[in-house]
Amino acid sequence: MAEFLLVAALLVFATVVAGLLRVLRGPAVADRIMAAQLLGTGGIAALLLLGAATAAPALADVALTLALLAAFASVAMARTAPRQEKGGEPRE
Amino acid sequence: MSLLADVFTIVAVLAGLVFFIAGTAGLLRFPDTASRLHALTKADHLGLGLIVLGLLPRAGGMGGALRLLAIWGLVLVSSAAVGPMVARLTRGPEGRE
Amino acid sequence: MSATLFGLMGAALVGIGLFGMLVRTQVLLRILSFNLLGGGIFIVFGAVARRGAGAGFGGDPVPQAIILTGIVVAFAATTLAVALVLRLAANQDRS
Amino acid sequence: MDWGLLPVLAVMLPVLAMVLALPLGARGAERMTLAVLPIGLALAVGIAVVVQRTGAPIWHQLGHWAPPLGIAFRADGLSAAMLVTTAMVVAATAIFARAEFGTPPGAAERRQAFAFWPLLLAIWAGINLLLVANDLFTLYVGLELLTFAAMPLVCLDGSRATLEAALRYLMFALLGSVLYLLGVALIYGATGTLDIVLLSQRVTGQPAVVLAIAVMTAGLLAKTALLPLHLWLPPAHAGAPAAGSAILSALVIKGSFILVLRLWFGVMAGQPMPGAAQILAGLGAAAILLGSVAALGQARLKLLVAYSTVAQIGYLFLMFPLLAAVPEASEVAARAWTGGVVQAVSHAFAKAAMFLAAGIMAARFGHDRIADIGGAGRAMPVTLLTFGLAGLSLMGVPPSGGFAAKWLLLSAAIGAGQWWWALVILGGGLLTGGYVYRVLAAGLRAGEKSTMAPAPLAWSRDGVALGLALISVVLGFLPLAAFGLLQVGRLDLAP
Amino acid sequence: MIADLLLAAAILAVAVASILARRTFTAVALFIAYGLLLSLAWVRLSAIDVALTEAAIGAGLSGVLLLGAVRRLASRAEAPANPPPGAAMTVLIGIACACVAAALGAVILLLPEPAPSLAPQVAANLPTTGLGNPVTGVLMSFRALDTLLESAVVLLAVICVWSLTPDGGWGGAPGAAQPILGDGPLLLLARILPPLGIVVAVHILWVGKDAPGGKFQAAAILAAMWLLPWMAGLVAPPRIAARWLRLTVAVGPVVFIAIGLAGAVTEGAFLAYPPGWAMPLILVIEIVLTASIAVALALLVIGPPVPEP
């Protein structure tokens, strides 16, 4: 069972890293925010799975903190996101 | 009983995984920001929800289970709040697409 | 094993942060690079702590506690730098 | 009798006062600072007396936890001398600063007054901590205490120029701090302890420790402003209010310098590094010559004094190759060590006096252009005298503290067979004479009185500055035996 | 192992992208991702306490602080900074930094085996503190001085930030006025999250004596829960002249020093706890420090008062 959960954690994490490409690529600000959010959610899921696999309940506290602060940070991001004039953001 | 719980966990976690993969794929492949947003929220809500559900029998008591549910709730609420804000960024003259 | 891996990653982060601090001209990005650099150093220390695992602990608790203190101090330093940058910008606005 | 609590109190007194300054507000903080000063001075003198009498460092294990698990305080001769110096300079600047940062009864709290007193206390606490802590990470916290407190002092007036100077200083200082922290991590990884005394026994030239010392030294040199990492210093020290400049130039840069000493002759006590020491001293020599030349060319008085600091820092590093070249217990090593520390002490007094005098002049003229300070000799003879006396000490004219320091370094250089440093010391003295003379000559010229503010802010300011200058001179009258205090607890002497 | 490799690669990629980003917003967004990933790395390094701190401070508070700066700087043209170093210089700096990283990496590979460690000593002495979490034991007993001084440093940082108040703003409420968005989602979150967050913070503080957690993490969460309604325009921070605000920031270090001095009097060593009293005293210190540090951290993010134009 523990092995299964570990593999699941790895898979979730792998998808998250794939999602990271979107943060890196953009192009729109919204994409980066969403990808960061996915990173948060995926990280939480991976932590929970890892915690269950290794019987480390403290990891759930990390996940909890991450959930709280990720919400906080993504609100700040959505609020701060530049609303630029026509032409939008230059691709990077 | 324990076997049943294990099977439950495996099925739920696998289902959650599918949603995560689908969400990420959507985020990477969909052509425009609005549909990427839809894909993402699915992963957020259901992927994590299913994994939490699957881990509930292994949470070790009420406290652990409550903590798991609280995490899910937090993610739901924050994504519900951030979603519209992000969506607004993608609309109108100021956003892209 | 993972201690060594992350230790090497920390070393790389130190290089990256240092580069950012020296090359970027926007002050905000310099502050950010300072934080990347700090993160790398903490990770190096964390790898040291992980190597010292023993006595039933997953890592040597002394460096872990030091890292904790260090993160808070580094955060305070960041807020100072940001406040200074904002103040400078406000002054430029007025003149 | 257990004297171990003396160093603890010497650190915790200013820390507690700084913490209380926040709720007390500007006026309360000012009065509390003045009340705390004599206690702190008494503690410092007490430590010096105990160390001198017992001939051994004072030890204290915090919470009864012995290193390496716990943290120890260790006040040796170097600590004692610098503790007394720090307490005296802080007391003098506090009295000096009352005219500028005082809050009269009933007046509303002002920003500058609110900030100044806790910043002064924080610098005092930080330096005392750097002097007595024996743990590399605790020393890091002390470094940060200094950095945080020094940065706002630079830009207390809020002008754009000083804000830019403060930002540049902060960037240097933060980079210095993290480099130091990186070294801490490596040293712990290689040895499993951060206690300097234990390290002096455990270090055997492990590559991690050598790299650690290298990056830490680099970081600390950025904070000490040794050439070529000095670029931040002149604008920062020249832009601060006079009391702030005095503290920054006299004390703050010494904090990181003392830490370099602790690393080289504490942690690395058994591993002399003559090659690297030559490089350090080479940088020091360059600083002496280039800093003095730059000072000669300055048009503004406070910038001149700031460049003089760049030059005087250079002398501090001449002791490194001398100590590395001769046996630790030899007479030459003792002279080099004493010379370096006396230079730090006498420069602290002289430079504080100089900045305060420059501040008094700038306040009365409304500017600090050297070309336009004619008439200062008649209108404020005491101030000019202060500047001159401090200048004598910096030049190394006998009898003065600066002379004692430079003489000791000179004779040690010759004793160690490294005569080239002696030439640098002599040349630096001549250049110093040049820029001090420039200021005095300009001040003694006749000038228009109308440009001057009618009266000084407070007579006590002149008195305090003159007192500091006198101390820097009187240090030269101390019998050489008095410097024996500085040898107590030298880790490189330990068997 | 694969996971670790993936994680390390991801962190490095984010870090590189962050320093190369053209816009400050992008750089900060990447920096927040960096913080999230770093806290996963801490979990992999078996440093759960640090992971909690990194999640709360590295990703959360630092990110929000930098985002606030981006927002306030966005309205103005970037100040004419020093010209960027030329291409040759950039390459040179890059090579130098790579050398530093390489030397560091080599030294890490050369660290002694078995690694020196204080873990056994901590384990042997932990029972006298009555604590179950070794990191808390180090922070509050073996190396309590660092913790004490650090709380003083945080307080000093508040004084420093306030000392940067522009003319005309002294005594007023800290921080720039927040744009009232007046929309549902943010307000909703700002109302729902804080009560939940406070419960979580109390939980983290309480478990800190036996399990990963403690005052810094709890304080960071509490600070975030104060900042969120502030950002939404729901609460205004108190004026910096307010006596109670200053007292709250100072009370933690004062109590800590007082208990330390009491130890010096009764036990003969600063910060020594009388036998049997360690645990209750540590708890008292942790609780007051949490309050002080939470307020201080929030004030640090909010910044100095900004006078109305």
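Just so it is clear, A, B, C, D and E label the chains in written order, and each chain counts residues from 1 on its own.
The rule is short, and it goes like this: a contact is a pair of C-beta atoms (placed from the backbone, for glycine too) under 8 Å apart; a residue touches a chain by one contact, two chains touch by 3 or more.
All values derive from a computational prediction rather than experimental measurement.
Colleague: May I ask you to list the chain groups that still touch, directly or through other chains, once chain E is left out?
Modeller: Leaving out chain E yields the groups A, B | C, D.
Colleague: How many hops, at fewest, get you from chain D to chain E via touching chains?
Modeller: 1
Colleague: Considering only chains that satisfy the touch condition with chain A, which of them also satisfy it with chain D?
Modeller: Touching chain A as well as chain D, we find E.
Colleague: Counting C-beta pairs in contact, which comes out ahead: A-E or C-E?
Modeller: C-E
Colleague: Would you mind pulling out the distance in Å between where the CA atoms of chain B average out and where those of chain E do?
Modeller: That pair's centroid distance is 28 Å.
Colleague: How far is the middle of chain B from the middle of chain D, if each middle is the mean of its Cα atoms, in Å?
Modeller: Going by mean C-alpha positions, chain B sits 58 Å from chain D.
Colleague: With centres defined as the mean C-alpha position, give me the chain B-chain C separation in Å.
Modeller: 31
Colleague: Any chance you could list the residues of chain B touching two or more other chains?
Modeller: Within chain B, residues 70, 74, 77-78, 81-82, 85 contact more than one other chain.
Colleague: Multi-chain contacts only, two chains or more: what residues does chain A have there?
Modeller: Residues 29, 33, 35, 40, 57, 61, 64, 68, 70-71, 75, 79, 81, 89.
Colleague: In chain D, what residues contact two or more other chains?
Modeller: Residue numbers touching two or more other chains: 69, 137, 141, 144, 148, 151, 155, 158, 182, 186, 189, 192.
Colleague: Hey, which chains are touching each other here?
Modeller: Pairwise, the chains that meet the contact rule are A-B, A-E, B-E, C-D, C-E, D-E.
Colleague: Looking at the complex, which residues from chain D come into contact with chain E?
Modeller: The touching residues are 2, 4-5, 8, 12, 15-16, 18-23, 25, 60-65, 68-71, 108-112, 114-115, 118-119, 122, 125, 129, 137-138, 141-142, 144-145, 148-149, 151-152, 155-156, 158, 182, 186, 189-193, 206-208, 211, 215.
Colleague: Touching residues of chain B toward chain E in the complex: what are they?
Modeller: Within the complex, chain B touches chain E at residues 70, 73-74, 77-78, 80-85.
Colleague: Spell out the residues on chain D that touch chain C in their complex, using ranges where they run on.
Modeller: So the residues of chain D in touch with chain C come to 69, 137, 140-141, 144, 147-148, 151, 155, 158-160, 163-164, 166-167, 170-171, 174-175, 177-178, 181-182, 184-186, 188-189, 192.
Colleague: Could you please specify the touching residues of chain E with respect to chain D in the complex?
Modeller: Of all residues in chain E, those touching chain D are 100, 103-104, 106-108, 110-112, 115-118, 121-122, 125, 141-146, 149-150, 152-153, 155-160, 162-167, 170-171, 241, 243, 246-247, 249-250, 253-254, 257, 260-261, 263-264, 267-273.
Colleague: Can you tell me which positions in chain A touch chain B when the two form their complex?
Modeller: Per the touch definition, chain A meets chain B at residues 1, 4-5, 8, 11-12, 15-16, 18-19, 21-22, 27-31, 33-35, 37-38, 40-42, 44-45, 48-49, 52, 57, 60-61, 63-64, 67-68, 70-71, 74-75, 78-79, 81, 83-86, 88-89.
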